[in-house]
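The structure under discussion is supplied below as C-alpha cells; questions concerning it will follow.
Chain lettering (A, B, C, D and E) follows the sequence in which the chains are written, and residue indices restart at 1 in each chain.
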Amino acid sequence: MHMPTDKIVPQSDLYSRESTTARTPDENPLPVRVKARDVSVFYGQKQALFDVSIDVPEKSVTAFIGPSGCGKSTFLRCLNRMNDTIEGCRVSGLIALDGSDIYDPSLDPVELRARVGMVFQKPNPFPKSIYENVAYGPRIHGLARSRSDMDAIVESSLQKAGLWSEVKDRLHEAGTGLSGGQQQRLCIARAIAVSPEVILMDEPCSALDPIATARIEELIDELRQNYTIVIVTHSMQQAARVSQRTAFFHLGNLVEEGPTDLIFTSPVEKRTQDYITGRYG
Amino acid sequence: MAHSFTPPSEQALDGSAERLKRIRAGLGKRHARERRFRALGIAAIAAALGFVAILFSMILYQGLPAFTQANLEVDVHFDPAIVKVAARPVRDAQQSSAEYQRALLDWERKVTMVNWNRVLEQSIKAAAPDFEIDTKSALSIVETSERFRLRDMFVADPGLLGQTVKVKMLASANADNWLKGNIDRSLPDTQQQLSPSARMLSDRFMEDGQMRFAFAWHIFTNSDSRSAPASAGLAGAFIGSLYMMLVVIVLAVPIGVMSAVYLEEFAPKNKFTDFIEVNINNLAAVPSIVFGLLGAAVFINYFRLPLSAPLVGGLVLTLMTLPTIIIATRSALRAVPPSLRQAALGIGASKTQTVFHHVLPVTYPGILTATIIGVAQALGETAPLLLIGMNAFVAQIPGSPLEPSSALPVQIYLWQGNENRNFFEARTSAAIIVLLGLMLMLNAIAIFLRARLERRK
Amino acid sequence: MNTAIVASLLLLMLGFAYQLGWSRSRNMAVSGVKIHSRPAYHASLVAFWALLPALLVLGLWALFGDTATRTYILAQLPTEITSLTAADLEVTIRRIRQIESGFGVVGEAQTYENSAAQALREFRALTFAFVVATAAATGAVGLFLAQRRINPRLRARNEIERIVRVLLIGCSVVAILTTVGIVASLLAEAFRFFTFVSPIDFFFGTVWSPGFSSTGAGASGKYGLLPLLWGTLMVAAIAILVALPIGLMTAIYLTQYATPRVRGIVKPIIELLAGIPTIVYGFFALVTVGPFLAGIGSALGLDIRATSALTAGVVMGVMIIPFISSLSDDVIRQVPLAMRDGSLGLGATQSETIRRVVIPAALPGIVGAFLLAVSRAIGETMIVVLAAGNSPFLRLNPGEPVSTVTVTIVNQLTGDTDFASPQSLVAFALGLTLFVMTLILNVAALFIVRRYREQYD
Amino acid sequence: ASLGAASAQSRDTMQIAGSSTVLPFSSIVAEEFGQAFPEFKTPVVGSGGTGGGLRQFCAGVGDNTIDIANASRRMKAAEIESCNAAGVNDIREIQIGYDGIVFASNASKGEFALEPVHVFKAIAAQVAVDGKLVDNPYKSWNEIDASLPNQPISLAIPASNHGTREVFQEKVIADGAKAAGLPELSKEELEKVTTTFRQDVVIEIAGDYTETLSRLQSNADTIGVFGLSFYDQNRDTLKVATVSGVTPSLETVAAGEYPVSRPLYFYVKGEHIGTVPGINEFVEFYLSEQMAGLGGTLEAAGLIPAPAEETAAVLAAFQEGKALTVDAVK
Amino acid sequence: MHMPTDKIVPQSDLYSRESTTARTPDENPLPVRVKARDVSVFYGQKQALFDVSIDVPEKSVTAFIGPSGCGKSTFLRCLNRMNDTIEGCRVSGLIALDGSDIYDPSLDPVELRARVGMVFQKPNPFPKSIYENVAYGPRIHGLARSRSDMDAIVESSLQKAGLWSEVKDRLHEAGTGLSGGQQQRLCIARAIAVSPEVILMDEPCSALDPIATARIEELIDELRQNYTIVIVTHSMQQAARVSQRTAFFHLGNLVEEGPTDLIFTSPVEKRTQDYITGRYG
C-alpha cells in the first residue's frame, strides 16, 4: 500500500486540472462551488477512498449514491473536515471551497464548518430547547448583536426549514421532544442559522418514515434556491427525486458522475448500470 | 389456489422422527438441570439479601437501645453554705474591657472551684430522704459532667443562689447499664460496678418515676467524652467528617472531572495516556492503608500539615476518591452519543466548546452520582485516618478544617475499643446506625437527583 | 493576613485585565470589523497573561523564599555562631524564627538572636513588599503586552483552548503524582528498613516477631513476611470462596432470569453492601459473626475461634459480593445479545446458554473482576484489624487467628515502637509489598479485560 | 516544605499524643481541664502509642509539633538524642502514677493463684525438667502446679507492639525463669528461652484489650493479660488472678506489694511553655490532688496514684525547669 | 388499543380458515409447512404486528420484504418463539408447524427451536473453535452417539454450508477469526447441524460485502432442496434473486404475498406497487 503525501498536486495545478472521473455529458454547467482533486482517505493503514475528483456546482443538489461502505460518508466528511475529528484518519489530495484550499493549515476548521454546514443521518438535536438549538451556532460565532437579532435569526431559520408554524408556540420546550421528522428539520434549521454556503447531508432521511421523508425532500428542493447541497443517500429513488447531479461511488472509487437524469437512464460505466438495475447492493 | 396442509412424506419423517425422539429423550433431564441452575441463582440472591437483613437487624437491635438513656430529675438547692462566692463582678466605668474580662474570668474560676459535687450529693440525698447512702455511691448515680452543668447554670444566672430548681441530670454510664440490665443483675457485689446502695437507690428512683429513660439527644450534640462516658456524643466526629467531605468535594470533583474530560475527549491515544489510564485504574484499587502511608509521609512529614486535621484527612481521601470519580465520569462521557459531538462540531463549535457546552452537561447526572458514591465511600473510610492521627481524643467540636478532630468511622473504632464494654457496645452500634443512616441518605440523594436530572433531559 | 492581601490584589488585577480586554475587543467588533474570536475570549486571554507572570513570581518566592530567608539569617549571625555544628545552627535559626514570629523561645534570648530576629523582621516586611510589587509589575507588563496583541485576526479562542487543555492535562497528572508520591514515600522508608534487616530475611523469613523497642532486642527481632502473607492470602481466599459463587450466581440470575422489577429491587439492596463502611463490617464480625461461627464450631466439635481467619474471611466475602456481582453483571451484559440468541435459536435451554456460551464469552471479564476482588481482599484493613485475631503465625487451620499485611502496618505504626527503629519502619516495607502485590493483580486484571474488550468491538 | 508553618501562625490548643495506656487518663484530665479553665481550649489527646507519640514529640520545636508526649515507659537515650538533634532540648519528665498489669480469666472459671514461674512454665517453648531443657510438656495448669485448676493452658498476652509486653516480659517471665530451675545458660541462650513461646497456647494480641476480652469470651479457658483499669471496668465478666499471693488492687500496687506494675509518664516540651497557652496550668492540674491524687478522678479511672511526696517532687522538678538528659536514663 | 386475547380463533378453526392476505395467484402450490393465522404481536402496549396470516410452503424460499420497522423480524421471530426471550413481548393468534400449534403450552420451545433453526443478521459465531461452534447444537441435544458420529455431523454440516474446504484444516481455530462471509456460513452450518426442518434467516447478508453476499445467496439456493427457508431482507433485489415466494409487510401488516415473479411484476395492491417502484423506502 502506498503511503499518502499530504499534497500530491501543487496548489497552482488545481484549477488547471480537470476532473478525470467518467462522466455523463452535461449541457448547462453551473458555476462550481466545491472542487476536489485526487482525494484519498486513509483510516489508519486502510485506504477508504481512492483519488476522488469531483466538482460540486452551486445552488443545486448533488447526490452521492453507492453500496454500503463504498466511502460516500467518508468523502462527504472531507468537505467540512469532520474527518479531522476521527482518530487515525488522514486525507490527501486537494479540496477547495470557492477556490481556496480548505486543508490549508492557516484555515481554521471551525470557521470552515460554519461555512459548510452538516446534517446527519439520525436527527441529533442538542438536549436543549428548540430556541437554543437554533441559536447555538449564531451565538458561538458571534453572529447576533442583540437579543432581538438572535430572535430574528432563529425565526427565519425555522421558517426556512418549514418548522416555524409547528413550533412557534413552544420554542422553549426541549428539541428532543419533537417527532423524528421535526427533529431532522430542526437540525436543518440549526445548520441554516449560521448561514452556511454549502450544506452536507448524510442520509438525512434514513431514520424517518415515508411521510417525514417526503417532507424533507420537499424542503431540500426549496433550499437549493439559496444553498449548495450535497446529499448522501442509499436510496436510488431518493437520489432520482431530489438531486440534479448524481455521483456513484463503489469500493472507495468515484465511478461516475453527471446530471441525475442521464446517470439513471444512460450511464457510461457498466458498474453504474449494474448497480442501478439491482445486480448488487 | 388454496394451499392444503399435507403432512411431510413418510420417508422424510423417518430420519427426523428418530432425531426428534432423541431430542425428546434428553429434554426431561435438561429441564431439571435448568431448574437446578435457576434455584442456585435464587439461593445466591437469598444469601446476599439474607446477609443484608442480618447485618442491618443486628446493628439496629444492638444500637437502638443506646438512643435512650436514664435521666434523674431532682430538686437542686443552690445552698449558700456550699456555693460561697462573691457576687458576679459588674463592669464599672473606669474599667477597661480587658480588665473586666479578667475579673469575670476570676469569678468564674471561683465558681468552678465550688464543691458542686456536694450540691449534687445533697440533691440526690434529698430526693430520697429516708435512704442511707454514702457520698461516693450517691455521686456514682449521676454522670460526673453534671457538676459542670450546675456551674454553668449558676454562671448564667447567679440569682439561683439560695434557690431550688428542678434539674434533669444524666445518669452515669454504670447506672444506665444497671437499669437497662446490660450488666448481670445477679452478680455479687464484687463484680458490680455500682455499690449495693447506689444500685438500690437507682432502682428506687426508677420506681418512683424520678429516674426515667429519655431520648439521648446529646448523642447528636456532644463531642466524645472520656471523663463522662454517658455524655459522649458524635457531634465532633460528625463535623470532622463533614469537613473532610467538603475538602473531598472541593478538590476531587473538579480535578477528577477535568482529568476525565482530558483523557476521554482530548487525549491522543498514545503510550503516555495509556500509562495514565493504567495508573488511574490501579489507583482505584490501591489499598486504602497505602494512602494512609502516603498521607503520613507527604502531608504530615514533608509538608508539615497539622496532625489530626480534617484537611489532611480530606486530602488523603481526595486522592483515594479521585480515581473513582475519574472512572465514573469517563464512562459517563463514553455513554454520550457521538452524534451529539458531531452535531456541535458540524455547525462550527470547536472541540472545547463541544465538550463544555454539550457533552459535559449531559453527563452531570452520572458525575453527580459518581461524586456522591465516591464521597460516601470516603466518608466510611477508616484505616488511612488511623495513620494520620485522626484517632485522637478530641473533646471539642472543630471550628475549622485545620483544627484537630475525629471522624465518624474513627469514632466507631475508638468506641468499640473503649474499656467500658457494657456501655459502649451499644453506643458503638448507635454510632454505626448514624453512619449508615448518613450513607443511605447520601445514596438516596444520589438516586433521587439522578432520576430528576435524567427526567429533565 | 498576607495571604488575604495577595489574593485580593490578584483578584483585582484579574478583574481589571478582563474588563480591559473585553472593552477593547468589543469596540473592534462593534466597529464592524470581522473578528476571529468573540470578545469574551480576548478578555480571558488578557486576564490570563496578566495573572500568569504574577503567579509565577509568587510561586518562585514560595519555592525559594525560605532558602533566601535562611541565607539572610545566617548572614546576620556572628561568625562564632555560624561555625557551630549543623544541628546547633539549625536550633539557633529555629529560635530566631520563633522570636521573629512572636512564638517565643524558652530561656533568655541572646542579644545576637534578638538583633537577628529584628533584622529578619525588617527583611520579611521588605521582601514581602518587594515580591508583591514584582508580581504586580510583571502582571502589568503581561497585561500590557497581551492587550496590545488584540486585533481582529488574533486567534484568542484557540489560545484559550490551548490553555484549558494544559489545565486539563495538569489535572490528569495528579493521578500520576499520586502514584509517584506513593512509591517515593514507601521506597525511602523501606530502604531505611532494609538497612536494618536484610531483604532476604524479610521476604523469606517464616517468623514474625519484631521484638519490642525498649529492651534493645529490637534489631534482633524477626521480620519474616511469610506468616503475614500467608494470613493475608488465607483470609482473601476464604473471602473469595464466599463471594465468588454468591456474587457470580447473583449476577447471572439478575441479568439472565430476573424480571426488571426484581432486578430493580434486588440490585440496589445488594449494592448497599458495597456502601457499608468496612469498620461496620469489622464490628459486625467481632460481635456477631465471630461468636456465631465459634458457636457453630463447638456444636460441630471444631475448634473455631471467634476472631479468626474464617470470621474475617467470611465477613470480607460478604463485603466483596456486590463488587463481584456488579462487575460480573457488567461483563455479562456486554456479551452481545446475538451470542445468546444464537444459542437459544439452536434450541439450547437458558442455563445451557449461560454455562456454555455466555459465561465462556464473559470469562476474561469475570477473571478480571475476580482479580480485582482478590486485590481488594488483600488490601482490606479494618475487618481484619477487628476480626482476624492478629496472630502472625504460619497456621493451616482457618479457625485459628491470623494476621495480615495491612493489620501489621496499622499495628506497627500506632503501637509503642521506637519511631526510628525497624519495628515501625517495617510498616513501609510492608506497604510497598502490598502495593506491588495489588499492582500486579490490577495490571493483570486490566490486561485481561482489555484483551477481552478487543474481541467484540 | 513548610506549608504548615505559614498556615498555623499561633496555636492555642495544646496537643498531646502517645501511649494508649496513658491516653484515657490524659483525656480525662484534658476534658476536665477544659471545663475548669475556660480561658484555655481543651487539649487534644492523640494516640499512636508511646513510640509514635515520641516521634512526633521529637520532630522539633514549633507550631506543628506536639507539646506533650504520653509514655507508658521511660524515654530512651536514643530518643532523647534524636530529640536534641531536632532542637528539643528542654524535655521535662512527669511521672503520673502506676499501671497494674493483671491476669484475668473468664468470670465463670476457677480461681488462679499464679506465680511468675507458673506463667513461665506455661508458655515458654522450652522448660527445665530435671535440670535439662526440654520442649514444654504441660497441657493444663494443674500439671505445672497442683494448686492450679485443671484447665487447659491458654494465655492471651500483649503483642510486641505494646508497651505492656515489655513489663510482662521483665516482671513475669524473667522473674519466672529465675525460679524455674533452668540449667546454666549463656546470656544469649537465656534470652532465647525467655523470649520464645509456645504458639499453640499463646495468643499474642496486637489490638487493644477489647480484643483480649473477646478472646476470653469465645474461649473461656483463656487467661488474659489486662491493664488494671480495664479489668476494673469489666469486673462483671472477668475474674482476676493473684500473683505471688497478692490480689492486684490500687492499694497493693501503690504499696509495691503487687509485682507486675510499671510507672506511667508524660513528657513536656519546655520550649513550648509560655508560647502554647496553658501548659504550666495543665501540668499542675494533672498532678493535683483531685486528679492524680489518692481518691482523685484518675484513680477512679484506674490509675494507681503515686505517693503524694513523689508527685510533689515531680512537680517541683517540673517547675524548676529540670530537663531530662541522656545521662539520666542510662 | 384493544388488548389481545391469546387465542382468538379456536384451534378447530385453524385448518378451515384461509389466509385472507391479498395475494397474487399461484399456479403450483407446494405442501404447506408453516401456517400462521391472525398473528398479532405486542411489545408492551405497542402493537407491532396486526393479524398476519400466511402459509409457508415446504422446500422453497419465502422472502419477507418491506420498509424498516414494518415487523418482518418480529414475525420471523414468532415462528420459532424467539420472541419468548424478549421482555414484554406478547403474541396472539395461531402458528402451526406441521399442523400442530407451536404456542401450545405442552410444546417445549427448546424442542421447537431444534426443529426451526435460525440465522441472524450479524454473523454471531460463539467464541469457540469452528468445530465446537458446529458441534454445539448436536451436543446439547444429544444427537451424536460418539465422537466419530459428531465428527460426521460437523463435516456434513460444514459441507452443506459450503465451508468445509475452506476450514477443514483449521477446525480447532476460533470461529471468530473467520471473515464475515465465512462466519455467516459457519452460522448456517451451525443451524444445519441439528437438522432443522425450517431455517429462518433475518437479513443474513446485510453485514456482508457483495461477494460474500453472492456466496450466501448461492448457498440458500442449494439449501432449499432439503429445507424450508424463510428469509427477511431489506433488498428487493435480493428477494427477487433468491426467493420463490415473497411477502410484503408494511406498518405491521402483511400487505400481500405470492410467487416472487408475480409480486414483482404484477402486484395486486397499490402499496406494494409503490414500494417496488421506489415511491418510498
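One rule holds for everything that comes next: a residue touches a chain if its C-beta (ideal position, glycine included) is under 8 Å from a C-beta of that chain, and two chains touch if they have at least 3 such contacts.
Just so you know, these numbers come straight off a predicted model, no measurement behind them.
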**Message:** By the touch criterion stated at the start, how many steps lie between chain C and chain E on the shortest route?
**Reply:** 1
**Complete:** Those chains that touch chain E and also touch chain A are B, C
**Fill in**
By C-beta contact count, A-B versus C-D, the higher one is C-D
**Request:** Please name the chain that ends up farthest from chain A once chain centres are defined by their CA atoms averaged.
**Result:** D
**Prompt:** Which one chain sits nearest the middle, judging by mean Cα positions?
**Reply:** C
**Item:** Chain of greatest Cα-centre distance to chain C
**Value:** E
**Request:** Compute the distance, rounded to whole Å, between the mean C-alpha positions of chain B and chain D.
**Result:** 32
**Message:** From the mean C-alpha coordinate of chain A to that of chain D, what's the distance rounded to whole Å?
**Reply:** 84
**Fill in**
Taking each chain's centre as the mean of its CA atoms, chain B sits from chain E at a distance in Å of 60
**Distance between chain centroids, defined by C-alpha means - chain B, chain C (Å)** = 21
**Asked** Touching two or more other chains, which residues of chain D qualify?
**Response** 2, 47-48, 207
**Request:** At least two other chains touched by the same residue of chain A: list those residues.
**Result:** 110-111, 140
**Asked** Among the residues of chain B, which ones contact at least 2 other chains?
**Response** 23, 30-31, 350-351, 391, 416
**Asked** Which pairs of chains touch each other?
**Response** A-B, A-C, A-E, B-C, B-D, B-E, C-D, C-E
**Fill in**
Touching chain E in the complex, chain B uses residues 1-8, 15-16, 19-20, 22-27, 30-31
**Contact set on chain B toward chain A in their complex** = 268-269, 337, 339-351, 353, 357-358, 361-362, 457
**Complete:** Touching chain B in the complex, chain D uses residues 1-5, 7-8, 13, 15, 17, 23-24, 26-28, 30-32, 34-39, 41-42, 44-48, 56, 64, 66, 107, 207-210, 213, 229-230, 233-237, 297, 301-302
**Item:** chain C - residues contacting chain B, complex
**Value:** 157-158, 160-161, 164-165, 167-169, 171-176, 178-179, 181-182, 185-186, 188-189, 245-250, 252-254, 257, 266, 268-270, 272-273, 275-280, 283-284, 286-288, 318, 321-322, 325, 347, 349-352, 354-355, 372, 375-376, 378-382, 385-386, 406, 409-410, 413-414, 427-428, 431, 434-435, 438-439, 441-443, 446
**Item:** Residues of chain C that touch chain A when the two form their complex
**Value:** 29, 35-36, 38, 155, 157-158
